[in-house]
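These are the structures, in structure tokens.
Next come two complexes built around chain A: one with chain B, the other with chain C.
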Partner chain A sequence: MSEIKGKVLKHSEQTRTMHWVHLICFIILGLTGIAFYFDIAGIVNLFGGEAAASDVHHWTGVIFTLAPLVYVLFNFERFAKFIDTITTFTKDDLGWLKTMGGYIPFIKAEHIPPQDKYNAGQKMLGLLVIAGCILMIVTGFPMWLLKHSMPPVLVWLTWKIHFWTAVILILAVLGHFFLAAIHPKSRVEFASMMIDGYVDAEYTSHHNAKWFAELKKAE
Partner chain B sequence: MNTVATKEIINIDEKKCKSCDHCTSVCPTGAIQGRIGVKHYIDHKKCVNCGQCLINCPFGAITDISMVEKVKKALADPQKFVVVQTAPAVRVALGEEFGLEPGTNVKGKMFASLRKLGFDKVYDTEFTADLTIMEEGTELIHRIFAHAGVPGYEKEGPLPQFTSCCPAWIKYAEDKYPKILPHLSSAKSPQQMFGAVAKTYAAEKLGINPADMFVVSVMPCTAKKFECQREEMIASGFQDVDAVITTRELAQMIKEAGIDFRSLSNEEQADRLIGTSTGAATIFGVTGGVMEAALRTAYEILSGQSLGVVEFKAVRGRKPVREATVNIPVKELGKTVPLNVCIVTGLSHVDGVVEDVLAGRSKYHFIEVMNCPGGCINGGGQPIRRDTY
Partner chain C sequence: MNIFVEKSGITRRQFFKGAGILAATAVFAGVLAKIGIDIYKASDKYIEKRIAGLYTLDEKMTIRKSHENPEIIQIYKEFLSPGEVRPLSEKAHHLLHTKYGNDIPKLITELTAHGGHHAA
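Then we have the complex of A and B:
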């Protein structure tokens, strides 16, 4: 029985709110986008038909763009720390990636190196999501607002980039959902982002040992 | 692709349409219905069949009807004498389909490949482009005389005179501005003049029964497929032009036949009977070309003088609406008359010009209208360069 008890605050209220807003936007954008691309009338009709679904997609895209901007504006230090963490890769991160943190059944993981607030996989997901969202935004707005002034080859290019980035993001988010909400080794983290922000200290002490040590030191 | 002859020339493939809405920005008549995220369709009553949406669709979701099978059937029929004409803008674009630089003149290779495809006579539409300009130029002179009160020309049409060789412009004028029709030149387009001449004069000279003659046009233009089906285009007693194929479709036929286009000689000539032409006919395919050709004719006839420099550079350029004044010494009136001309390229720019004419505000004597930006060279039947659009 571990001696570590209690909980640590991993995600602030504003972070959780931004995550919720972005998640809802992502689901709406994903559903309507898939419906447009593959011409699925059932989904389109859920949003009130082609024209309404189109409007929903565009204006949800606006919220999808503004939500993180507002978050960064009011939480710049927190965001800077987040960026610092996910862009810092040490030999411990490489060690985690070699064993995939013990999440993949057929990869042996006798020793998993200590991790920061986010493990190497989460860091890569974070970078992927940020890059993906930027690509979706910088292609999405021209598709909507510059559709008449762009040459056809640019229209084609923006649509292709938008589509394939969406495919990658949807797959990444599904993987993220599986690990955060379903996988028995890590689903305890689900509540920390989706509900109260807290995660078990005991769990943190071995899943995010470096961060936990920082917290202890600060204490 | 629809292979049945129909007047609904341009169609959107709903399964391929991504609803990106780009096409609505290039349609000059607002015939495409839809908005971003909503499947688009064409209102054929408004569509002028120009194919600009087709060549600009980022996803290749817009097609034109094909008459290629009809042409192949005629070529395979030993009873048919199959004659082909080629428009001026085709020869400088066809090479693109075979990896040559845009603008490369492959006239000789084109004639050689048409002979290899089995056409009995290979002609050049430039011959009838010259006929068109003689007709149109003479008509303009008569209208000017009528306007000046010269006796004997009272029954001529009003000024300004509009050109009449662009089938998209003709349909647009008929649909939207029927009152402007008396201002349009009564001359047929070079394509239709060729069909009529082929099935009358050429048939007689060649000893062919016009009923057995099948006339094919190779055009840079999808609207020509509509024009050849017009009920009134039967001057020869038969449908004057039986089928129209585009530059793209000719390239496809050449490829399917396994002809090594690039290795063909570029020295071959059109057959001579109705194949002779002038440089004025060659410039028909570019905006301002018909105007320049008409001015050359009008100047020589009105002044009785031979032109030293034949170019009228003032009418050239890429602006959608251009105007120029050419001073012509009119022998019959004994004075120099300033001839005000206007060139419109792109139907979306023509409304103001037409409305001025209908309101009596127009200062022009002669107005050239071409639907496609830049002229026939940028027609809806030309090769699609998705890498450079």
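Then we have the complex of A and C:
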């Protein structure tokens, strides 16, 4: 029996709120986007028909852009730490990637190196989501506001970038959802982002050993 | 029960990384916004020139109203409403109104029945 008892506050209230807002926006944007691209009347009608669904997509895009911006401006410290963590790759991260953290059944994982607040996979997802969201935003607004003014080649380019970035992001988010909510090894962290922000200290001491050591040191 | 909370304060490295990403994103978005505004302005300028061109062309025309066009008056008098100028006469309605899609086969049958291929 482990001697480590208690809980670790992994995600603050502000972070969880921003994650919830972005998640809801992402689902609405994904559903309406898929409905437009594949002309699925059932989904379009769910949002009140073509014109209303288009408005919903545009204005949800505005919230999708503003939510992280407001979060970053009011929580710069958290944002800076997050950026520092996800852009720092060490030998331990490479070691995690070689074994995929033991999450893939056919990859042998005898020793998984200690990880930061986010493991190497989460770091890569974080970078992918930030880059993907920026691409979606910088292509989405011209598609909405400048489609009659842009040269045809730019219209074509923004559509292609928007579509393929959306495909990659949707696949990445589905993978993230599987690991966060379904996979028995990792779903124990689900509540930390979706409900109260806490993770078991004992679990954190294994899965995020480097970060846990920092927290203990600061205690 | 132990509760481990967030450590407050950031290091210089964390500050520069956070600020760097923010600044890079702001510059990237700013440059794209500038390009977007320029495209919008260029498009507006083009539209204004096109409008001016069309109005100038129109002003130079001898006949500027379709109902004053002698050829139109003639076609009504001699064919669409014989003996008078009557827009929306039955023949004008059938021949001049646009048909498309599923209405086309019906129109062809109607024209053929009236010997329309000669008239049209």
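As a working rule, the second predicted complex is superposed on the first by the 219 of 219 C-alpha atoms of A that agree within 3 Å, B and C clash if a C-alpha of one lies under 4 Å from a C-alpha of the other, contacts with A are read in each partner's own complex, and residues count from 1 in each chain.
Everything that follows uses one rule, which is that a contact is a pair of C-beta atoms (placed from the backbone, for glycine too) under 8 Å apart; a residue touches a chain by one contact, two chains touch by 3 or more.
Bear in mind that the values here come from a model prediction, so they are computed numbers and not experimental data.
When both complexes are overlaid on chain A, chain B and chain C end up clashing with each other. In the superposition on chain A, contact of A:Glu214 is made with chain C only, not with chain B.
Shared-chain residue A:Ala201: touches chain C; no touch with chain B.
By the touch criterion defined above, A:His148 reaches both chain B and chain C.
Of the two partner chains placed by the overlay, only chain C lies in contact with A:Thr87; chain B stays clear of it.
Set side by side, chain B and chain C differ in how many residues of chain A they touch, and the one touching more is C.
Of the two partner chains placed by superposition, A:Ile43 touches none, neither chain B nor chain C.
Contact with chain C, but none with chain B, is seen for A:Phe76 once the two complexes are overlaid on the shared chain. In the superposed pair of complexes, A:Trp159 makes contact with chain B only, with no contact to chain C. With chain A as the common frame, the single stretch of chain B that clashes into chain C is 350-358; none of the other options in 8-16, 296-304 or 350-358 do. Note: residues 148-151 of chain A belong to the chain B contact set and to the chain C contact set alike, using the contact criterion stated above.
Those residues of chain B lying in contact with chain A across their complex are 15, 18-22, 24-25, 35-39, 56-59, 386-389. Across the complex, chain B is touched by residues 36-37, 39, 50-51, 53-55, 57-58, 143-144, 147-153, 155-156, 159 of chain A. Contacts from chain A toward chain C in the complex involve residues 5-9, 12, 72, 76-81, 83-84, 87, 130, 134, 137-138, 141-142, 145-146, 148-151, 154, 198, 201, 204, 212, 214-216, 218-219. Residues of chain C touching chain A in their complex: 1-11, 13-15, 17-19, 21-22, 25, 28-29, 32, 36, 39-40, 42-44.
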